[in-house]
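The data blocks that follow each hold one structure.
Shared chain: chain A. Partners: chain B in the first complex, chain C in the second.
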Partner chain A sequence: MPDWFYIRRLSLLLFGASLLLVSCGEDGEGPSKVDFDRKAMLTHWYEDQIQPSMEAFNESVKTLDEAYGAFHSQPTQGNLDAVKTTYEAAYITFQHVKFYEFGPSANVSFRVNLNTYPTDTAKIETLVGNGSFNGGAANQLDAQGFPALDYLFFSKQVDLINSPAHRNFAEKNLLYMSNLSQTVTTSWQTHRSAFLQADGTDVGSSLGQVVNNLNQDYELIKNAKIGFPAGKKTFGTPYPKTVEAYYSGISLDLAEANLVAIHNFYRGFNSFSQKQGLSLQDNLEALGTQAEGQLLSDLLDAQFQDAREKLVMIPGVLSNAVLAHTAEVDAAYSAIQLNVIYLKTDMPSALGVIITYQDNDGD
Partner chain B sequence: MIYSNRLHKTLFSQTSIAPLAMFRVLFGTLMLFSTLRFWSNGWIETQYIAPGFFFKYYGFHWVVCPPDWAVYVLFGLMAISSAGIALGLFYRFFAALFFLSFTYVELIDVSNYLNHYYFVSLIALLLVFLPAHRNYSLDARFAFTKPQATVAAFTIQIIKLQLSIVYFYAGVAKLNYDWLVHALPLKMWLPAQAHLPVMGDWLTYEWVAYAFSWAGAAYDLSIPFLLWNKRTRPYAFFAVIAFHLTTWWLFPIGVFPWVMIFSTLIFFSPHWHQSAFTFLGIPLSRDFAGNKQHTPSLSRLLPLALSAFIAFQLLFPWRYLLYPGKLFWTEQGYRFSWRVMLMEKAGYAVFKVTDPRTGTYTEVDPEEYLSVNQVKQMATQPDLILQFAHFLKKEYERKGIADAEVRANVYVTLNGRPNKLFIDPTLDLCTVKDGLAPKNWILPDA
Partner chain C sequence: MKNLFPFFSLIAILGLASCSKEDTAEDPSNIVLPATYDFENVDYTGQQNRLDMLSEIVRYMKTANKGDEVSATQLQNMFANSGYTWSKPELNNTTKQLANKIADGEQTLMGSYFNDLEAASKSTTPGSNGTAGLVSSSDGSKTYLFDENGHEPLQYIEKVSMGVIFIHQITEVYLDAEKMEVDNETVETGKGTAMQHHWDEAFGYWGVPTDFGTGGFTYEKGAAYDRFWAKYTNGRNAFLDCNKNLMELFIKGRDAINRKDYALRDAVIRDINLLLAKIQAATAIHYLNTANANLSDDALRNHALSEALAFAYGLRFNKTRLITDIEFEEIFDGDEFDNLYEISAQAITNARNGLATAYDLEDIKENL
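Up next, the complex of A and B:
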């Protein structure tokens, strides 16, 4: 067939295309240009979110370490009470940084090393007995970090004031924790350009890392903090002793702090720097993605809010509530789960975030 | 009669072996590179060693993932045999070995399915039967085979036809409402690349997504014809390079762009390929048969078998018409049809395992058993959801829960539309047998 045949066909096709473009320009379903400064969002994340939060956490661990130092040299009830207060503050602050499990934090397995629970109290007692502590070792993970402190400071089985062996174990654990926290905070300080330069949407990009880790941490609230103790993974049989911070009973405060931290991050607010900046919510708004007859950005915000409200409705301590107030626990669990769906499907899809390293040709 | 004579001439006249031999060299080299890349990316580990569960292809349940060392052996065989293909050394043996090792590995887990792996398997199968080693090869140099300067034309046309099918069907697949009228999914994917230098900002305009969508469809539909036509060929090849480099630049699609760019060289003239061999310093081995006709030994069977091979490929992609519902949503008849980069789909699945004796249930997140990639693939594909449900039944049987019922809450978003419940959450998936029959438990889209 002669060339002009193809050329005529092609020009027809192009003509058709341009007609369609004109007719589609006015259907008003999305922006004609996606106007969003991703780099500015990454800058806000690094400067106003990650950095100040890490610094605040490091400070809170230092404060705890100092309070413990005072108690260690003078083991009085008054000093122990001061330790407990600083411990709770540090654990709450930890909830604001544990979803940054990428970059320098991932390099040292920050979250796993500081917060593997339920803690193995028999293992702790053995280690207390033989005076050893091997921070970060695989077999030490469930006998270190905050959960170990929770047991040492709050369990009725432990008489910290009168047991030098327990005090030594706590001291070693705290030394490990403050070293780790200092290392990570220092590493983050020099991570600025790496974080800002990874400005794509692939799995190794900063946006990709943030979205994937935020989702993972949010799912941990659902599964580890609430689901498992409530029996969601054990055919309905609750396991109250597996709650986070079982001995101090601050499980719900920690869960709420975690939820608030993620929600605030989503909205572009940070409670340590008191700064507001470009956020995931703004990004989704700029994309104009719709869900349930409204902007996806607003829907996610509302569902975060709803999850928070349902969570604070749980009365008393969580280890009791999973037995005695299952309706409230279930309501909170469902509200949290509802948002997981949108966070793991609609949001990454809209942002174009890729979740695996594999080659792709499918979707 | 004239027509059939012309057809006969197109298929059976003798033509230079150079394009076919060059195709062999390039394909073998790319496969060697691709195998080593896969290996060095650590993907053997993440795809075949780490997972404790593999999704089976229907009809290929007998394909199991071998022990760790054997997986490495398979990849080693792939590397060696692709080198054998490129060099044209013990060619038939290595072509067959490559086809078998590559295809076996691909059949281990559906969640790794990529159209370009399917393409590689098809080409490898073809090469086993084509006389691509009869010259410009070590087999010819060492006289392991009788050197030929020419081959029957159909041995080259078949590869052109194969490439044309890939392009044309990929083009036909783009002729859908979302792609043409809404520029989806490119309207979602392109702005995500706004950070790229030079063109980045440009990608955030909606009209660019429309232009890319339409140009992409026009390219796929027309490029086989433009490559086949001598006069348009140089422009067409320029388009091939531009198109594939653009996709390579924008999307993580691995070696596929390079495979296509180098494969389409086969449309170039024998003279071009002979010059290329001269340029590469690969000599033509002397053909003692002179001008005698070279017909492959299986001369009667081979054209027939190749016709069946092509007929299968022309028909198989249309099987989706036999299923109810929307193809992109149900994915019944989606694979093996050159549907490439067509949709943005993401899902979230939670399984509920119920103990029938107590009526209590436990929730299972697939992450507890599957790799990130497996979870991602499973959550949007009903047949994989079903396989995983059956796996959970066995898993819980092992844990002492007899006759467990497995249900799944799955939510899927397609092309940026709000997520929706994907399958019937009340159905005990263990009561469903996997098969080719329509899966009526997939809930409708929209």
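Up next, the complex of A and C:
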């Protein structure tokens, strides 16, 4: 049993006690006037969730960059293996920050600059050929970031040890990635007051932004990571090569990390700070919102757990599983999808937050 | 007995109040304004006609998004209301037109957009970096026609018109000195005095129903007014509270004219111009944010950037300009915005931040 579970129990007990006090004072009024300390939740989010996660990611990219530096000056198999290990660690860590796509991260379109996939290998080869790299340009998004590294480090078509042109391209890409990561991490450091001050539930509030981006990122797990490769958007025709991290084959590890990160955030735990605090789950619990005959807060938690369990049941690598193990892939997809309703409809409505991210104005 | 004292003092206060009211009949704090834009002798059918014309022009241009060719000559005819038969019958009985309401010097630009749209609509290949043509969003739900650099001529024609015609006419023509320093004595039945009529014409270009923004009003998507500045005022309402605020200003100014309180009228004009400028800038910022949120989707990104650039361009035609042409060029760093296929998130954010600083929208710029 992980540590956070006990801490959470404890905080729930304390929290329950405080609710009791409040309800005594309120002369038995209904649950509409729930006293939940949203500001304390935002403080926990900023200090124990966002900041340590961003710092950890920035560190992981630096570690990768250093490992690559060693390989770049001495292109040996041993050094390349070290690069691959640090690459996987950074990509996994990225899954813990990619749902913070608001504020400083949104300003630089962090997620799409680092993780547009499937990567366009023909475009990469063209850019490698003419020695150009224009990091951040919209038409180069599918030739940069982690997916480009995945191709350069793992594809059998690329002989990185013996191709200086490919090594130079990878170096420029990594320089771009580490600069971007540093910029965003620094910006988040000065974003504290802005984040804490927006403590309402309106469209621009921090709660509103977190709920919107949590949802959007969760839907990316369903659609981009699993659904599209599995043929859910293409009348059943699978597209195995469109999985995230096709060449390294760590697609399922990344999907699981992303799911765990969102689940932990929902529960108020952060694996980098190892801290537990007030969470969306606590907020929903305080509101007492019911769905399908039980507490919505419990229902969401259980559904997250179910999705995680179904996801790890997929055998082998995802690009193969969408062809050979469709039953397991379908089960995971369905379990993930089931929580979209609770996350995107029930939770925002209980919290008084509006989902705005699919807000097209129709022209 | 002691209960009578407050009663007498109340009468005394009332008495004082009514005395002072007689002394200063113009004290605006005593004026009860109508809740809606509901005055005698109001007519802005000419403005409604022009809005209807632009609606039909937009409908025609959108056939290009389905692969049809669009003719620059026909667009010229529609703008000039000459040699074109409108589908809305009453438009064929008016001599009103859009072309002669375009701000001086901007007709050439508009003509070049017509040619761009025609040229792009002749493309038989899908659009991409360097090639004009239709581009669909990655989910397939939207298709737009771009030129070879990803600019969408349709958006420029519609949204630049909203600046060089509607905003220009409201702020630089009807609410400007030349149209405000006119007769305010002779009432023409159905039209009011010359000054009243000019004010109503400015209001007419806004294009909202007379109860817009009032307590009983709910914005309905797809309603006849759901277009142009009514639509984009409402689009920014969550942050600027502009539905109610702008309506109150138009009512207050019309009432001031009725009472010949020209100092108040002029103060209201300044407020209207500034609020319109904020709506324009906030709308441009909204689309810059939308572009960044869809950075990897050529169709959605280029469409949103075209909207943003066109709305921002309109800021030059608001009498209240908080930005010089040179600053404008700096904000939209020429090279960066030349080719929308190659733009970066940072360039988009920089432009957004520049606009937000100039138009005092710093605190809401990330959420617009």
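The working rule: the second predicted complex is superposed on the first by the 322 of 363 C-alpha atoms of A that agree within 3 Å, B and C clash if a C-alpha of one lies under 4 Å from a C-alpha of the other, contacts with A are read in each partner's own complex, and residues count from 1 in each chain.
In this section, a residue touches a chain if its C-beta (ideal position, glycine included) is under 8 Å from a C-beta of that chain, and two chains touch if they have at least 3 such contacts.
Remember, it's a predicted structure, so these values are computed and weren't measured experimentally.
Asks: For A:165, decide between first (touching chain B), second (touching chain C), both and neither.
Replies: Touch status of A:165: no partner.
Asks: Going by the contact rule set out at the top, does A:39 touch chain B (first), chain C (second), both, or neither?
Replies: A:39: touches chain B, not chain C.
Asks: Once the structures are superposed on A, label A:323 by its partner contacts, choosing first (chain B), second (chain C), both or neither.
Replies: neither
Asks: Check the contacts made with chain A and report whether chain B or chain C touches more of its residues.
Replies: Partner with more touched residues of chain A: B.
Asks: Would you sort A:344 into first (chain B), second (chain C), both or neither based on which partner it touches?
Replies: Once the two structures are laid over each other on A, A:344 reaches chain B alone.
Asks: Touching A:357, do we find chain B (first), chain C (second), both, or neither?
Replies: both
Asks: Using the superposition on chain A described above, determine whether A:103 touches chain B (first), chain C (second), both, or neither.
Replies: The answer is second: A:103 touches chain C but not chain B.
Asks: Hey, what residues of chain A end up touching chain B and chain C alike?
Replies: 202, 357, 360-362
Asks: In the complex formed with chain A, which residues of chain B make contact?
Replies: So the residues of chain B in touch with chain A come to 41, 43, 46-47, 112-116, 180-183, 185, 187-189, 191-196, 204-207, 210-211, 214-215, 218, 222, 225-226, 229, 231-232, 251-256, 340-348, 350, 355, 358, 360-365, 372-373, 376-377, 380, 401, 411-413, 416, 418-419.
Asks: Note which residues of chain A are touching chain C in the complex, please.
Replies: Touching chain C: residues 102-103, 106-109, 112-113, 116, 134, 136-142, 202-204, 209, 357, 360-362 of chain A.
Asks: Under the touch definition given earlier, write down the residues of chain A that touch chain B in their complex.
Replies: Residues 1, 3, 6, 9-10, 13-14, 17, 20-21, 24-25, 29-36, 38-39, 199-202, 219, 223, 227, 232-237, 287, 289-292, 296, 337, 340-342, 344-346, 348-363.
Asks: If we count contacts the way the header does, which residues on chain C are in touch with chain A in the complex?
Replies: Residues in contact with chain A: 129, 142, 221, 231, 235, 238-239, 289, 292-293, 295-296, 298, 301, 340-346, 349, 364, 366-367.
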